[in-house]
Structure formats: C-alpha cells, structure tokens
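Two complexes come next, and they have one chain in common, chain A, joined by chain B in the first and chain C in the second.
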Partner chain A sequence: MNRLIINRILFYFGLLLAIALSSISQAAPIIKIEIKDHLFYPSEFSVPANTKIKLLIINNDPTPEEFESYELNREKVIIGNSKAVIFIGPLSPGTYPFFGEFYPKTAQGKILVN
Partner chain B sequence: MRSALLLLSLVFVSLSSSLLADGIVIDKIYHPYVQPLEQELEIRVLQQNNQSGIADNTRLYRLAYGRSLSDRLFIEAYLVGQGSSSENLDLQSIEMEIKWQLTEQGEYWADWGVLAELSKGIGNNIYEASIGLIAEKEFGHWSATTNFVIEQEWGSGIDDELESVFSLQARYRYSQTLEPGIEFYAGQNSIGVGPVLMGQAKLAGPKKLKWEAGVILGLDSKSPDTSVRLLFEYEF
Partner chain C sequence: MLPNAVILILQETLEAALLIGVLLAVSTRVHDSKRWLPIALVSGGCVAAILANQMGIISEWFDYAGQELLNALFQTIICLAIALAVWLTATIDPLNPQPGKVAAFSHCAIIIIFCAVVREGQEIILYLGGFMYTENFQKVLTGGALGFSIGASIGILLFYSLVDHSGRERRTACLVLLALFAGNMLSQSTLLLMQIDWVTQSPPIWNTSTFVAETSIFGQLLYPLVGYEATPSPIQAAAYILGVTLVTGANFMPRYYPEKKKQQVQPVRGNDA
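Presenting the complex of A and B:
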C-alpha cells in the first residue's frame, strides 16, 4: 500500500512536470523601474488586472537594494549598478505596495492593478 | 535547459517503480529561489519516535552556514549530529549542498530549481550523493512546493542503495510573521502528513530570522508515529 501510493505520486509528479515544461511562457508587458538615491522611479504605476507583467528594475545606486512585497509574494536583491527582472501577476484588482528592504524609509512604491 | 528538465521528469516517472530504501525522510522542504549576496546560519532539529529499524526518540541536528555564489547559485555546508534514547548525541556526517535556481519566480507555469548534495560519514566510510528537483507554484494566497530527491549511498560501511524521497508543502501566506501550512512526506518506511507553522521576523536592514515548526504524523505502521521538526534561519 505504502509503495503503491509512493509510486503513484512519483508517476503523476513526473507527468505533471513534463506537461508544465511543454508550456511556453507568454511574452509579458515590460515596465521599467529605476532606483536612484534609494528611491524608486516611478514609485507608483498602474497595470492591467489578470495580466502577467515583467518588471525590469535598474539599480543606478552603487549599493544593493532588495525589491520586496509580501502582497506580491516577491523579493529580489538587485546588486548596485546592475539590473534584474521580476515577473508579477496575473493579479486581481487592488493596490500592491512594495519597498526596498535595504532602505525602507525612502524606497517605497505601489502598483495599482485595475 | 528545457530538454534537460524534460529528461529529468521522464527519469522520475521511470523511478516510480524503483525500490525505496531505509532512512529518515522528514526534513526541510526547499524553495527554488536564490538571492544574490545572501548569507545564512541555520539550525534544524528533528525528533521522531517509534520507527521500525531506527532507535526510538531519534534526534537529528543540522547546523549550517550558507551563502549565495551568484543570483542563481547557493551553497551550504552542514554538520549533522544524531542521538536517541539509547545513544548520546554524536557528530554523524558533514554535508555540502548546492541549490541552482533554474527559472525566475513567476516566469513560467511553475518555478523550478535543482538541489545537489554530497555527504560523508564521520569515522566511517559511508558516502551519500543526492540530486533533486524543486518546484513551486502560486495559487492566490497559497503556495505549493514539491521536492523530489534521489539519493545514492555507497561505501564500505553500507550496502549500496538508491533512495528517493518526495515531499510536498502547501503554505497559506496569511502574514509575514505567521504562515500555516501542511506537509506530506513519502519515502521507504516512512509516509506522513501534518501541520506546520512558518514565519519570519525582520531585523535591521536585510537581516531576517525565519522559523518553521511542524508535527508530522505517520500514516502507516512502518512510519514514525510522530516527527517534530524545527528550523531557525538567520539571514544576513
């Protein structure tokens, strides 16, 4: 019984993985965010609901910053003078705050989903 | 990379009919993400009772230091100690582990990572190498994470054998400090399910203290009746 259950789980997991890998990521709209002097530019912007979005974050400061949002379930460290990509969504309508974990007093923003 | 992963998935399907070997299967469930510049100190404790072939009240301790090598690779070194009702706590093995984040979070239908580990017994000639696939999928406020690990043991102190372990965690993102969830583990002589609580406390700057606590109940007579697992992780 034990082994039968395990075999079934492994079989379906492998099958699920094969199916998942056969799907191709759709091109997502890109929004560019720059970090300068520990501030996000833009710090507030709108995106459509139920759409996957690609955030291109460019850190112009020499120090690292971490884009963090519990509401978006995302955290990503961007090394100084470099860039990183974060995929968000599809999201329900609402407001999703984010902040820079290294400089949380200044680096704050929000995404309006409508 | 897609082809390699597809091949791995087919290997998993074929391994579903292989024999599973003895061992303690309840452990941390890994997430596929890596952050650059991250370092961590970690302690894990597992206590389980009443499992056939394993001393009663076995306690397993893991102390680790880890750091990221890039935005995709994370390496961690462990000291593993074990004790029980009949044996004093003793250093059992050393381990090296590397995690490779394969995809960006949210880029594909699910997020993927690979985990590889090599361990060497202390005072004996027992080795173990493992490789595993990590997958995570977000469903609204829920996140589901699976780990599937294949382990090969060898050396003069043990029979060569192939083991595999499957684990699943469903986590509800209630708040940063408290996330309830449920975990399921399956390996030879051990199949169990139980509740877990997780959370993190933010400290100064990027520093965090993460914690996990769970109670896994055996689902058959071969499994440990109860396994209690604790984890504390200091990220800096």
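Presenting the complex of A and C:
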C-alpha cells in the first residue's frame, strides 16, 4: 500500500519533469549587455512582447556583479571579466527594471517590452 | 556602500539563520547533541569558499547553466532533507528516542544547513571579495558584519520564540515553517531552471506587487520566510505546493501508516544521542 503510493508520486513527478524538459531551448534572439565601471551598457533597451530572449551579459569589470530583477524574477552572479547567459520571457508588455545587486547605486537599467 | 552591504549580507544570512533557528527548536524534542550545527557551518563555509573561487569555471558548465544547476540541486536537496528530518521527528519517541533515528536526524540537519550555507556563503564571499583591494573594503566589511549580526539575531529570536511555546504549539509552528521553507526551495529551483531555459517560462498566475512589493521591507522579510514572490508562474506555484505537501505528508504519514513492531527494535547504529 505504502509503496504503491510512493511509486505513484514518483511517476507523476517524473511525468512533470519530462514535460518540463521536453521544451528545452529553441533559438531565442540574443541581446548583449556589457558591464563597465559598474554601469550597464545599454542600460535601456526594447524587446518584443511574448518572445523568449537570451541575455548575454559580459562583465568587463574585474569585480563580480549580480544581475537582479524582481520584476523578471531573475538573479545571477557574474564574476569579474566573464560572461553569463540569462533567459527571460515570454513577457507581457511593460517596463522591467533590473539592477546590479553588488553596486545598486550605479548599475541600473530597464527592459521595455512592447 | 555601507547600507547596501548591510542589506545584502542580511538578505543572504537570513535564510540560513531562520532555518537554523527552526531546526534547533525541532531538535530540542529529539534530544540530540547540537554538534550538527558547527559541523554544517564550518564545512559549508569551506565548500562555499571553494565554489566561490571556482565560480568562473562552474558558471560555464552546460553552456553557461552551471551556477543555476548547482543551486537548484542544493535547493532540491534542502527540500528533501527537510521532509526526511520532519518524518524522523514525527517517528521519534521524545521520551525514549531511538539513537539510530536521532543520528539520522542530525545527518539531515547537517545536510540542510550545509546546503543553505554553501548557497548563500558563496555569494557573500564573491561580494566581499570584489571589494578586497579597494578603499571601501573596511566600510563594506563593517556593513557586512552588521547585516550578519542582524540576520543571526533574527534567527536566535525565532529559536527562542519557538522554544518558548508548549510542545504542541511549537511542533505546529516548526512544521508550518519547515513546510514553507521546503516549498520555497523547490519553487526557487524551478525559477533557476527557467533562467537557463531548461523549463519554459509561462505568464505569472497573479501579480500582487501593488499589494506587497518585493522591494518593500515586508516583501523582503516574507521572501526568505515563506518564499514570497509577487509574480509566480504556474510551475513555480506547483513546485511550492509539492514541497509543502512533501513535508506535511512526511509529518502525518507515520500517524496513518504506523511502523511495524519489527522495525521498531532496530539495532542501535548511531552514537549521536
């Protein structure tokens, strides 16, 4: 009885995982953001609505930075002189601010989705 | 520089501090030695330092998905270890604790705190490391120490407010907190999988940001405590519910499926009692 329930739970969990993994990356438009002197370049850009976007973030500073956005639900550490990839969207139209959590005073930006 | 360091380190410390507070409160029922705490803190700190040092290489794994996969793994382990720890506490007889189960509980606690410390520790180390050779290092360190102390104090406060209550109330409060923690961990791990596009993102099921903004103090406190997210996606919500169900299920299962007599007289294994 006990084992039957556990088996069933495992089965549904596996099923959920399989569905989730079946939709692995189709090619998404790439947007490049560079970090230099704790600033984002570009700090503001537009992306189309309802589209998955691949953000390629290049940190040119020697210090690490953390890309963070509450609106996008994203958070990722990018160590100094390296690059990182973050997927966002599909998003509904609106403004989505992001910031560098390690240097929030200067590292600010926003994504305009239209 | 200083206020930012306080907030950042506080945010990172809070999750582990709250977890430690609850686990310590739970373990008063189990009557184990509290040796798991220093073991987990020290080993977690060391591994966090190694991972922070190697973050450049780790980040590039699986086509720049390494960081997310590693953190998602830690979060999933935390969730499962919480469920196991809750199941153990539900089956341990507080008047006559079985040494094997008490040792197993200690091991679960080590795993939980170890993973939490590794996850948050590496971020703290990377952050502080970035200021190492700048004139601001002293300020950032002071701010960090302040943030850490506030986080630790909140954990201690939680512990004492939990042990202050009678057995039944305390057990319920601990169970609720641990279930929400587990849900939060699983939900966060799906978010990381969305970030690397291993799971497709779908539109949020609701938006409560006008109600409680994630940037507000209340939102910032709710995030580590119950995993508050203003715009969760359906998969995130499902993962949250799964985590909560796992832990509550682990608590109530022994009640409905009591162990057989044979299993109760297992040979004594651990020596952690």
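The rule we apply is simple: the second predicted complex is superposed on the first by the 103 of 114 C-alpha atoms of A that agree within 3 Å, B and C clash if a C-alpha of one lies under 4 Å from a C-alpha of the other, contacts with A are read in each partner's own complex, and residues count from 1 in each chain.
One rule holds in what follows: a residue touches a chain if its C-beta (ideal position, glycine included) is under 8 Å from a C-beta of that chain, and two chains touch if they have at least 3 such contacts.
Here the structure is a predicted model, which is why all the values come from computation and not from measurement.
In the superposition on chain A, contact is made by A:T63 with chain C only, not with chain B. Judged by the touch definition given at the top, the superposed model places A:R74 against both chain B and chain C. Within the superposed three-chain model, A:K105 lies in touch with chain C and out of touch with chain B [touch as defined at top]. With both structures placed on the common chain, the touch criterion links A:K83 to chain C but leaves chain B unconnected.
Taken together, the two structures place residues 1-2, 13, 20-21, 23, 25, 52, 64, 66, 70, 73-77, 79, 84-89, 101-102 of chain A in contact with chain B in one case and with chain C in the other.
Listed in rising order, the residues of chain B touching chain A in the complex are 2, 5-6, 8-13, 15-17, 20, 35-38, 71, 104-110, 133, 135, 138, 143, 146, 148, 164, 166, 173, 175-176, 186-189, 191, 205-206, 220, 222.
The touching residues of chain C, counted against chain A in their complex, run 4, 8, 55-56, 59, 63-65, 67-68, 123, 126-127, 129-131, 191, 193-201, 203, 209, 213-215, 229-231, 233, 235, 238, 242, 257.
Listed in rising order, the residues of chain A touching chain B in the complex are 1-3, 5-11, 13-15, 17-18, 20-23, 25, 52, 64, 66, 70, 73-77, 79, 84-89, 101-102. Chain A contributes residues 1-2, 13, 16, 20-21, 23-25, 28, 52, 54, 63-64, 66, 70-71, 73-80, 82-90, 92, 101-102, 104-105 to its touches with chain C in the complex.
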